[in-house]
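Note that chain A is present in both complexes that follow, paired respectively with chain B and with chain C.
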Partner chain A sequence: MKRGGILVGLLAALLLGQPAPDGGRYPSPVDLALSPDGARLYVVCEGTDEVAVVDLATSSVIRRVGVGHVPRGIAVSADGKWIYVTNAWADTVTEIDARSLAATRTLSTGFEPSGLTVDARGQVLYVANRISNDVSVIDLRTGSEIKRLAAGRGASYVAASGSRIYVTHIYPNLGKFRTESESEITEIDADRQVVDARPRLHNVAGTFHVALSRDGRLGIAAQLRPKNLIPLAHVAHGWAFGDSLAVFGADVGGVVQLPLDELERYFSLPFGVAIAPDKSKAYLTASGSGEVAILDLKRLVAASRAPERDALVNDLSVSGRYVLARVPVGRNPRSIVLSNDGARLYVANRLDDTISVMDTAANRIVATIGLGGLPIVTPQRRGERLFYSSNFSFQGQFGCANCHLDSTFDGLQWDLEPDGFGVDIVDNRSIEDVANTAPFKWNGGNPDLFTECGPRTERFFFRSQGFRDADLADLITYVASIPLRPNRYRAATGELTPAQERGKAIFERERRKDGSSIPEENRCSFCHSGKYHTNQKLADVGTGKPTDRSPLIDTPHLTNVALSAPYLHDGSAKTLEEIWTVFNPKDTHGVSNDLAKDELNDLIEYLKTL
Partner chain B sequence: MGFAALALGAAFSATGGNSEAGLNYVFTETTRYEPKAWLEGRDRFPSGATLKLVLGETRRALAPGFSASADAAVSDDGSRVLFAGKQTPSDHWQVWEIDIRGGPARPITHCDADCIRPLYLPTNEIVYTRDSSSIEIAGKPLTFAPGRYLTDDVLRDGRILFEADRGTQRRELFTVYPDGSGVEALRCDHGSDRGEARQIGSGDSIFHSGNRLARFTSASAVETEVAQPEGTVIGPIAEVSPGVWLVSLRGRAGHLGLFRWNAAQRQTVPLEASGVQPVIVATRTPPRQFPSALVASRTAGNLLCLNSRISRTPMDGAAVRTVRVYAPEGRLGETTVESDGSFYIQVPADRPLRIELADAAGQTVRAEQGWFWMRPSEQRVCVGCHTGPERAPENRVPAILLKTIVPVKMLEVQQP
Partner chain C sequence: MRLAILFASIGMLGAGELPRFRWENFTTAQGLPNNRVYSVSVDGDKIWAGTDNGLALYQNGKWRVFTPEDGLAHRAVLYVTVDKQTHDLWAATMGGLSRYSAGRFDTFTQLNSGLANDVVYGVSALGDFVWVATAAGASRLNKRTGEWSLFNERNTPMYEIWTYSVTATEDKVYYAVWGGGVLEYDVKTERWKDYNDPDGETELVLFKDQGLIHEITTSVSYVHQILWVATYFGASRYDGRNWRNFLDKDSGLPSNFLNQVKTVDGIRTWFSTDKGLAYFDGEEWATYRPALDTHAPEMLVRDAQGQVKRIAVDTAPAHNYIFGVDFQGDDIWVATAQGLSHGIRIRQEISRK
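The block that comes next holds the complex of A and B.
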């Protein structure tokens, strides 16, 4: 501890002579890449919209290259000449000349580009787009997107091996109400630029980084198995989440899921993955636990090939077969990258603004590289650290960020009600820009964020000592500050398309198509009014279920509603359209039964702009 | 005595604890300790017991004036000690608290039976064992089934670790939340007679298994080996630093000596000529508080089993058709098990309960050996029938909850 503190102090002093990041913001490193010669580490800093270039000989930041808003992923061409960075909130990729470190081009992508890779010939860029659920195929000669390949929901991370591209997804695919979540690994044949396979990940919600061995025969993806279909009556015994990995490839034969948790110690929110060049070990980060796990690959493959392999993922005593050690690193560790010889592992500690350097022979942290940033830790930043920490739940199993992935949602419906089982099923919703939308909880039971995040969370979710006093205040400060992602369906000018205009007219209409008046309280714009499109009041709109204890629903805000399917308080409507075509037979949730299909489409087009 | 300047382990901070000059600890000075005497209602210290406090090179009686004192537990700030004491030989054991610096002891309990083995909870409450028949906090029981109980430790996750004999003449380790809910075996490998458990800095629990020390580690569902000193270890260990423990060893002549045991060096250094129950005096991070969700005014709890047809031990799960619940006075009810093995029942709170699975002919497929209990408004869930704590649930809506959200009530003993 002490040694670590001294190191950080020394490195902070070293940083005094280095380029400073944008004042007033934290770098928040999320992704890493090495130059092919291993001399430089490129660090994507999502908080300061830049790439920090670290000279590994001196462990110092030598340049900061400005990129687009909220950069998320990075890839380096095989020849090391070009660096590509996704700008998640700008829907672009910044191309950087690795020699001059100058941004040379800005390439357009789908919505919220995240992970990316360059094909082996350095001619094509594959970019996973989280919101548009697809992969942009960009011709690097022209800089144009030449194809858009459909991926799973929340396409976010990419790895390449020869002519195979593997894409993983932060959200589960939309499925039937209250059925097991399904994710996939989207496999792309880069020679033909087509999706070649979609191996299923059953009962998996979020999948994060994916890595392939150098020989391409073994793949590992970090994943989260939610337990959202059973009542959260307690947390012990992996009752809330299964932190795990998907192992796939020729070495395994198919896809096998294996656990990372133990009986009383969880490896919360696995995120980054790296495989040693000699295929002896794999490394994973736990972004909630603040650790790196070191896995013996021979043992991991043996478990993946065991006759009982399909039954292992729910056995908390299995990880001891292949997890050699868990090494503490910084707060909210995200991506990791190994040096070419595998001797050093670099870990991006997002909420410490540092890079941990691990000696992989000794399995210990030997240096910590500071990335600069605000010299003080603000209440908002403290709150963000709490939000992403799993230390407050029983045995460290999960934190706020498990359900609100990257401060959004998880696409799941949960059985959380403490007083009964199968009661009051709740759809998890996005928490961007929610500060002024009280009350909270689907039935409006929590008047403010302190109630929402305080004792209730401690008693019924975490089942352990949760956020209190100053911690709770910091957490609320952070939650209230979570910004709103740009709306992709609304023109920058605010001008609406003809379809959106027609939809707006339907949203605001006061009369049915037959000319009869719609009662005020049954107009869309009555309940969904104001800046956030909620009057912040309860209403019975006929969407309650027999398992709900009350038919009254808190009018939800509609901000960025297009992103957070499924819909209704319990997630029973798979699409916006189903809200009216399936769940509004008596026109109790607004008047919609006189609308034609085209008119509903227009209404949806308008709602997407909110 | 050869005190060394010992580094403090992860479990203990360097402030307020052991000085550079030596080791700070409390132990029970006694010539005879019978760790299982409580199972038979006998005194564990038939030849007397006196707590001694060792602060570096100084030592003194912790609670002078007491006829007997034992079972020390040090507060997380290292400033106070709980102990079981008798002011006169004819008194019952009671729980007392005293400052490390000295001064008068403060009575915590006024039991009409022996109250022993006190432990601090992070809420400033004190849990202890009453008459070997229940575990209590401030006179309110946490245990509601027949058997013998003895508090061992408070785990860092907030659970109370205890040993119990539930009628098998063999001790096993259990945990319970501080509100009495969620009682369960720490592991389900059910090996030798287990007791005298303490959690160490790594999170492992070290305990006696038969006549040897053994370990439960988080990664394993079964007990694992522990390097141990020559001789017979008696009573609980105390961790000084990783791999360095204070242990009590029984010598050939039958007397108890307290030693510092270094597992890596396989070295045993004598500390005290006759002593057991060592406890390090140091500050340490308090365990996590457990926020109870119980509603005291309720009289029943709900139990949901996801799949009663699976077990970690051989069972003809496919034959299971019904589940029966018993109280000591008789059967509380019987209901159908769903096609996926799930069932959902409501049972009376704070009473001994036992579950039995039966086939289509009414023949018993599996019957629980011991009793368990549920607390008022407790919402309890289990993966299967004795699946063990290593089994995480499969994520699937139980068939019973697709059929109904109302539990089958089994609240009164049925008349034959």
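The block that comes next holds the complex of A and C.
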């Protein structure tokens, strides 16, 4: 979608009298659902906190239904009467009466609800909670959450087939330091409302949308296989990510991973998935490449059943067996949905604020539906498009958003620079609200975001000519604007619990328990001071490794630190506790060895509120 | 037993409503990782056994064994319990607490989490909370927030911190504190209260039925507002007003050394002792074991008048040293020092006389 297309869409909206979204924001569509009769398309607009209702007969937005903050996922009951939308930053689900298009209830969930589905009887809602790593099971008769099921880390997307529910995760499960990442598909038996299988996705970090064929015998999930154990400098010799899919179900037997990339033509950051009703084709979006891939399912299943199937995922020639075509769509395409007859595919182009309509017989885009929004493209929006684009890296392999998924992190530790294998391993930090936390990098080597996002990224990551100055300025404008997610551990009033209060006192203490003074530079609140809890200086806190070039570490900001495990500069501490129970034997990283276990627990409860 | 015992071999008769079982025993020969079975927990058709050398799952006639290589916190699994809500399994081990959920282990230790201590004796999961008994006090995990709360001598009346067993219910949580009696947590008021032996004597029972029988408690069970406590010196029952204590000399308990007590409904209660498995129906007692002298299968019945009869049986639990039990419908599973036993209920209408 070109910029002109947006203007045309907006103009069309005005002429047709369509309801306009919040004029100061972009709709940023992320998820889609069709009404059972196929007449309406419900579009989740995370940027304007609403669901846009599109009349497919006229290709126009007929209503905008306000929901909670940062909506992310949508599900429609089988009878089409109810629409459910997750509000990721409000920890709720909005229930909408599909006939009146009025919000009827707000249901509580876990932390950062994302994907969801309604069970076949329309009585129970299953909601994947990204931050609390679990699934809320909500009784729709009462509106109450009846149980919480443990999922994998970053539980985000959900698909259902009969009484089976499948959950995928954008972060890998926490594993041993410097080992291959691992994710899972959490399978829920909806009859018993329990998790009864967790097929492992070995060497997989982020997993995105998942879809099941109508007969339930074939499942496909979009996934990322990171190459984070070898230096990223080798991107020119191999690749940084394996953009791939997990194929599973009775048609396949077990879980098989297969590539989507082609040699020298990557399919970056696969995200949305849909399977044709007749099981002839599957469709996937590449949110970094701006494309939809069309896969021949018969050939895909054949590859999944091939004797050598477990060795195929790193063979980039294999995708040619089943990828029929790659069709350009808008910027940062996310969810997709097929019409009931499979003739039309709708694609949510998040950073164009449009819906692409594909004729699946012709494999081409036949219409683009505008969702409105700001009539101009701001520098921040341009920067966001750069952030989510993979076009700037060598062979279009990846973009900023590959490691900073949804502008957060990826839960991985990377060997970034060309200084030898296993040297200077760095944990990927959250980048929310980082504008005022310079310097950047764990060794503090980059004094500002221009250096961090410009020459460094170009030289070491992208292996490309990189951004023009104007592009870089836009990118930094966006990075500096990434907001902080609400803290789930701090009460809205700011009041601390007794445990958090006790922890705060420990964080701020100046004396050991025996009364002796703690040197100023060894107090928690000395280095971790100020609004972001960093004095923005380097310090040697004894956590450096022999493989680090310097023991001096940038003092990290602690905002929302609870979310970004593992910890320390290299991610060697799996939990906040391990920072002190394992990696602080000599009290060089604050004084902690005089603390009793319950006092350390209090300290951690306080840290989680920052 | 010091009471006069009337042994009467009465074939298949006797026992009234006292349950009779055909015992099937499992050992390493059948696939258990170790014969020392500390704990058993039933989840429908799945039987979980915590042994001295791994966690074992019995399903569809086969045993599957889990070890630290699979992610289990430690090979010595002292207690297992199924979260009735999620059907995840919680395993208390000598090296931390493990959750097994559909093939995945998550392990919590004193180093990687807020757990008080890696020596975990007991665990009880209810709703959003997992209550843990450790060698260094009680711990509680809030599954929704990840918050760990510790309870010890600094914030409860716990003067010993060696917590040995825990049972969580909707209104109360009870801890058996080894050497420290019983701790009660009121869910509504969030307050703690302790129950101790009123005579304070370790060897004597001076004030019988005036309080807990002994400070060295090993297990608690709370159903229908009736609390049962197992100690190494007898059993205690508390209904909120009155205590009643049970000793081998004046009850059907085969021994005062109890590893576990588990009540069905506050009245019908099972006792795991070092001299056999005992059952009390509120009036009569039964003991199931290999005879202590001949090791032949044995069932003893003690009626309300104190008369003891020996019932002829063909099978018995694997060993007289019993660690614990769990129920599967009318059947019972028994963890012993020499294997795991499945008591298959025999339906037989017989008279009491």
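In this section, the second predicted complex is superposed on the first by the 591 of 610 C-alpha atoms of A that agree within 3 Å, B and C clash if a C-alpha of one lies under 4 Å from a C-alpha of the other, contacts with A are read in each partner's own complex, and residues count from 1 in each chain.
Throughout what follows, a residue touches a chain if its C-beta (ideal position, glycine included) is under 8 Å from a C-beta of that chain, and two chains touch if they have at least 3 such contacts.
Model, not experiment: these values are computed from the prediction.
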### Task
Superpose on chain A as described above, then tell me if chain B and chain C fit or clash.
fit
### Task
Pick one for A:Leu149: touches chain B only (first), chain C only (second), both, or neither.
second
### Query
Given the touch rule stated above, what does A:Glu577 touch, chain B (first), chain C (second), both, or neither?
second
### Query
Looking at the overlay, what does A:Gly110 touch: chain B (first), chain C (second), both, or neither?
second
### Message
Is A:Gly420 touching anything from chain B or chain C once the two structures are fitted on A? First, second, both or neither.
### Response
first
### Task
Could you tell me if A:Tyr489 is touching chain B, chain C, both of them or neither one (first, second, both, neither)?
second
### Message
For A:Leu374 in the superposed arrangement: first (chain B), second (chain C), both or neither?
### Response
neither
### Query
Under the superposition described above, what is the C-alpha centre angle at chain A formed with chain B and chain C, rounded in steps of 10 degrees?
130
### Query
Is it chain B or chain C that touches the larger share of residues in chain A?
B
### Message
Once both structures are overlaid on their shared chain, how near does any Cα of chain B get to a Cα of chain C? Whole angstrom is fine.
### Response
20
### Query
Taking the two structures together, which residues of chain A meet both chain B and chain C?
none
### Query
Where on chain C is chain A touching in the complex?
85-88, 99, 101-104, 106, 110-114, 116-117, 128, 136, 143-145, 147-150, 152, 154-155
### Query
Given the complex with chain C, which residues does chain A contribute to the contact?
110, 132, 134, 147-150, 173, 184, 186-187, 192, 194-198, 200, 488-489, 499, 574-575, 577-578, 581-582, 596-598, 600-601, 604-605
### Query
Which bits of chain A are touching chain B when the two form their complex?
178-181, 203, 225-231, 233-234, 236-239, 242, 259, 261-265, 314-317, 319-320, 323, 394-395, 415, 418-423, 455, 458-460, 462-466, 547
### chain A-facing residues of chain B, complex
122, 157-158, 182, 203, 218-222, 288-293, 302, 304, 306, 344, 377, 379-381, 383, 389-398, 401-402, 405, 407
